[in-house]
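There are structures below to look over.
You will see two complexes here that share chain A, one where it goes with chain B and one where it goes with chain C.
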Partner chain A sequence: MSGIQVLSDIGWGILHYIIFYPPVYQYVIIPGFAAALIIVIFIIWFERKAAARVQMRYGPLEISPRTGGATQLIADLLRYTVQEIIVPATADFLPFILAPNIAVVLALLPMVAVPMTSISEYWPIPMGYSLLIAVALSTLSPIFIVMLSWASNNKFAVVGGLRESFVIVAYELIAVISLLAATPMTGTFNMVTIVNDQLSGRWLGLLNPIALLTAFIAVLMSTSGFPFEIPDSESELVAGPYTEYSGLMYGLNMGAAYIRRWAFSVLISLVFLGGWAPYRPTPGLVTGYLVPSLIVTVKAIIVMAIMSFLRAVYGRYRLDQALSLAWEVMIPLTLAAFGISLAEAYFGVVP
Partner chain B sequence: MPARPVIKRSPRVTFLGRAIAGNLGALIVGVKYFIDPNRITLLYPHEYIKLRQGYRGYIVLKMDLCISCSSCARICPARAMKMLPVQVKDKKTGRIMKKKYPVINYNRCIFCGYCVDVCPTEALYHVPYHDIVYFNMADMILTLEDIQKEPEFITAKEGVPVKYVYDEKRGLVKVAAEEEGKPPQQTEKSKEGETA
Partner chain C sequence: MSSQTGVQGSEVPRLPGMVVRPVERRVYEVQIGPAHPGSGHMRIFVEVDGDVMTRVDPDIGFVHRTMEKLAEGRDWIKNIPLFERMAILDACNITLPYVEAVERLLDLDPPERAKYLRVLLCEINRIASHLYGFGIFGVFLGHSTLYMWAFGDREVFVQLAEDLTGARLTHSYPVFGGVRRDIPDDFPQNARKATRYMRGRLDEYARIFLNNPNIRSRLEGVGVLSKNRAAELGVVGPNARASGIKYDVRLVEPYEAYDRLDFEIPIFEEGDALARAWQRVEEIKQSLNIIEQVVDWLEKHPREGFMHDKFWKTAPKLYRDVYEGKIDYAGKYRVKLMPLFATLKVPAGKASARVEAGRGEMFYYVESDGKDVPYRVRVVSPSFRNVIAFKYVMPGHRLMDLPAIYGSFDYFPPEWDR
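Coming up: the complex of A and B.
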């Protein structure tokens, strides 16, 4: 056997069993890390430009006026990568360094539990209880934000972490119940079945808009989107839990919230907005895996763009206002949404 | 006709009305501005505000008109203007004689324009721009040659003149100002044509 043959075999093996191995592919490429990075860069740029348009400003412009400053975020990323990382002497070193990385890694974990196609060859895990698993994995990451704020040993960081923990406790129940409101109508936790049922055109977001709304607001709360940008409110706490971070570590922290928002957007677009709904996957790597995953990605980008647009419109709630909204309004509304799902399932209004 | 007060029933009385009307109103305004933005930021080196003729900018001396009365130096509240004695040749008699002319220190000047107002022969006048840079503080103390020259308006070479006008629907709007010189000349010519 010639050397070229061996090399090409190894290359085929790497391509087939590592890069296009569905768990790795979904975690690292689409909709995981690489896609998330590109989309986060785009979304932060869009957020700044949209807020500037609404608030009578220009936003990032000077770096490339023809594209409206689109390369600004790449320049920022470069700056973050070459900036010095300072660890304060009073900080707890190991959690201080590890917690942001773990937060980012765990924020992407729900990507491994979601299907991007209906062909079982390309599922990352067996899809029997995938909705439950994805929702459960999405709740892991915020704990480490509390941890890093505690490790920073800084007043602002501790207060920010405290607010974060308050908000976590408030939003998790809403997010979980409103995402699980899909189960009575489809009768399963299998996300492939949930999406395949929505191929009829009756998306769950249309059948149960209240569940979509509550899921949307819960995601905003969890990722400190704008009406609920409480943990890292600039004007009160310097940068919230991330006060002591600099350079790439701050970039990681800032990206972690957006990556979590991205993961939730993919979940919402799969559960409520039909996933790859107008398209029926056919066997083959491109038509069976790439195209449906791109459709889901586009839908999730639209959800994320709407979330980012709210920065331009809303001010910031106080902590007590947000918590009272969560516990007094949102949780009854979420339970009502679950009840609507049950009623629709009972009366046969199912996708 | 005096404005009649219109009494509307506010939808924001009940909790649900407040939640729906407030959020929807904010979102509609946001989407409206997102689709049709009204940007009023001045992109300074690329645009500049075209100021009118009466603007109190830099001060220039017409040396021929100056009668050395020292009113400008005396009225200057910041003591930026000083009279400088120089040897000049008198036009009528042809004798060399000593005369005082104003010079200005822009470290101190507050651009109040009293010197221009008080000048009996209108030998001092303002130029309608103020964006000029000096390399150091010593350069800001002008000599008699410097104060007679109009300073160079470098922003006008690269920038586009704009002005802010009030629009009834959209509030303050940034619009492009007319090209300098052409429209006023045309109006002057037309007036001359009418009179002649």
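Coming up: the complex of A and C.
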């Protein structure tokens, strides 16, 4: 056996058993880190372009006028990457450095629990309770934003972290209940079954639009999108929890919020918007895995683009207004949505 | 500000000039500023108990440029470009009372056409100033669309001012005895186009900002300044009128051509941040009316006499030809001011004047001892009168209301700091 043969065998082995091992692949490639990075870059570009269109200006343009300034964000990313990382002497070093990284890593974790196809060969984990697991994993990351704000040892950061924790407590219940509102109608926590049921064309978002709305608003709150951009409201709290961060660390923090939004968008598009419907996956890597995962990705991008566009329409709510909205309006509405699901399941209005 | 040097029994070292401010145990002190992205250079000490502000202390003076002292060393005419730097986007209103006060000392009255031209630029400046305030207000509330719209539409009026004066911001347009130049031929039609455009845009502003439920919930009932409190604190300008005080220098002491123009002074009774925002919208509408009336008047009357004879008769022939529009001077000649301005000596005496600037009443006191520089110039600007309101209006509100209240008062640090 020649050396080249051995090397290519090892390479094939790495490719097949590590990169294309579904949990790793989903975490690192689609819909995980690599896809999330590209999509975050696209969404930020879209956000700036769409807002610019409303606001009578061009947005990013000069760096490559032919593509409408699409490479602007890549340039920004490069700048963040090579910028000096400054750690204040008063900050608590270890949590200060670790928390943003952990937040990003955990923000991507729900990706490992979602199916991108109905072919069991390409499931990252057994799908029996995947919805429950994905929702549970999505709630881990915000804790580290509170942690990094405390580690910064800065007044703005602490106030921002405090606001973040208020908002987390308010939105989490809404997000969880409204995503779980899908279960009575399908009678399972298995996301593959949930999506396959929707292949009939009756998407859960159409059967229970209130649950879709509450999930949408909860995601906006959780990822500090407008009109709930409260923890890092720049007019009184510089950059909120991220005030002391610079360079790549700040980029990570900013990215973590977008990645969380991306993870939730994937969840929403799977649970409420039919996942890979109307496409029926057939065996084979391309038709069984790549195509359905791209369909889910496109749906999630549309959800995310709508969230981003709200920046051009709304200002930000006050903290107490957002909280009272969450506790006094949204939670009853979410419970009502769950009730609607139960009623529909009882009367047989199921996908 | 309750301040004392050193706290009894503590280990705080006493350094010369150091001010130690004791803070209550349950209270957290946050400093907004001095380098703030939206506000310009000013600092606000805020003590928050939880999320509620318990004490608010505006700390002003970060852009102090000793203008009053500088003015004592400059020729009379050179002080006009100096004072413009207080609020470059409101340049005509800011310098007009100085010009008027010096005119009173010189005992001369500018020609009728000059008065109308001054009113024209004052109103253009007022609109530009309100739009600037609106833009800052919008971005304080996180509403970037209003910010971009207001700054974009302000460009229309900056362009009008440029057509009129040759400069976008620091126009130095009103000078002793008149104004620097007359309107270009196409100005009236451009001005009418601008007013038509702006009326339409104000409706769109109302739709996306003032009637947006999100913004309404931020502004309604926030930062209420009652009529009595406004009078006590001596708040001026749109902020006082939004609290129900019918006071406007254009009304109580008409200057220039305002007594011959037909306009209203809008009043709101609520006194909250929303009323202050609407107040500015209504004032922009009135200013648009005034601009149209002035442009009509300027078209009907002959293009002559925008400078008092005392200065006009010293002008050489080239100057007259250029000023009268007989020569296209765009690229050919540098036209300076009348020679007399360079050697102007103002008779000894004291005079004062006031106008209604974009943010409120602007007051100048000018004293001359007969030399070619002023003996003393005292400036009282509207932002100084308004800033004290923060201290009394903000406590009791939440920290997130601070930008809403700050923006609604349209406070402009360089104007007060001089």
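The rule is simple: the second predicted complex is superposed on the first by the 351 of 351 C-alpha atoms of A that agree within 3 Å, B and C clash if a C-alpha of one lies under 4 Å from a C-alpha of the other, contacts with A are read in each partner's own complex, and residues count from 1 in each chain.
The working rule: contacts are C-beta pairs under 8 Å (C-beta built on N, C-alpha and C of every residue); 3 or more make two chains touch, one makes a residue touch a chain.
Quick caveat, the model's predicted, so the values are computed rather than measured.
Q: With both structures lined up on chain A, is it a clash or a fit for chain B and chain C?
A: clash
Q: Once chain A of both complexes is superposed, is A:Val159 in touch with chain B (first), chain C (second), both, or neither?
A: After superposing on A, A:Val159 lies in contact with chain C but is clear of chain B.
Q: Looking at the overlay, what does A:Tyr58 touch: chain B (first), chain C (second), both, or neither?
A: first
Q: Which partner does A:Glu234 reach: the first (chain B), the second (chain C), both, or neither?
A: In the superposition, A:Glu234 contacts chain C only.
Q: For A:Tyr317, is the partner it touches chain B (first), chain C (second), both, or none of the two (neither)?
A: In the superposition, A:Tyr317 touches chain C alone.
Q: Output check: A:Phe226 vs chain B and chain C. Expected answer is one of first, second, both, neither. What do you get?
A: second
Q: Give one of first, second, both or neither to describe whether A:Ala50 is in contact with chain B, with chain C, with both, or with none.
A: Once the two structures are laid over each other on A, A:Ala50 reaches chain B alone.
Q: Going by the contact rule stated at the top, is it chain B or chain C that touches a larger number of residues on chain A?
A: When the residues of chain A touched by each partner are counted, C comes out ahead.
Q: One more residue to check, A:Phe309. First (chain B), second (chain C), both or neither?
A: So A:Phe309 only meets chain B here.
Q: Going by the clash criterion at the top, which of the stretches 8-16, 98-106, 116-124 or 152-160 from chain B hits chain C after superposition?
A: 116-124
Q: Residue by residue on chain A, keep only those touching chain B in one complex and chain C in the other, then list them.
A: 54-57, 312-314
Q: Residue numbers of chain C touching chain A in their complex, please.
A: Touch list, chain C to chain A: 28-30, 32, 37-38, 48, 51, 138-145, 147-149, 152, 208-209, 212, 214-215, 217-218, 398-403.
Q: What does chain A use to touch chain C in their complex?
A: Interface residues on the chain A side: 51, 54-57, 155-156, 159, 226-227, 229-230, 233-236, 311-321.
Q: Across the complex, what residues on chain B touch chain A?
A: Interface residues on the chain B side: 26-27, 29-30, 33-34, 37-41, 43.
Q: Per the contact definition, I'd like the list of chain A residues that touch chain B in the complex.
A: Result: residues 50, 52-58, 61, 309, 312-314 of chain A touch chain B.
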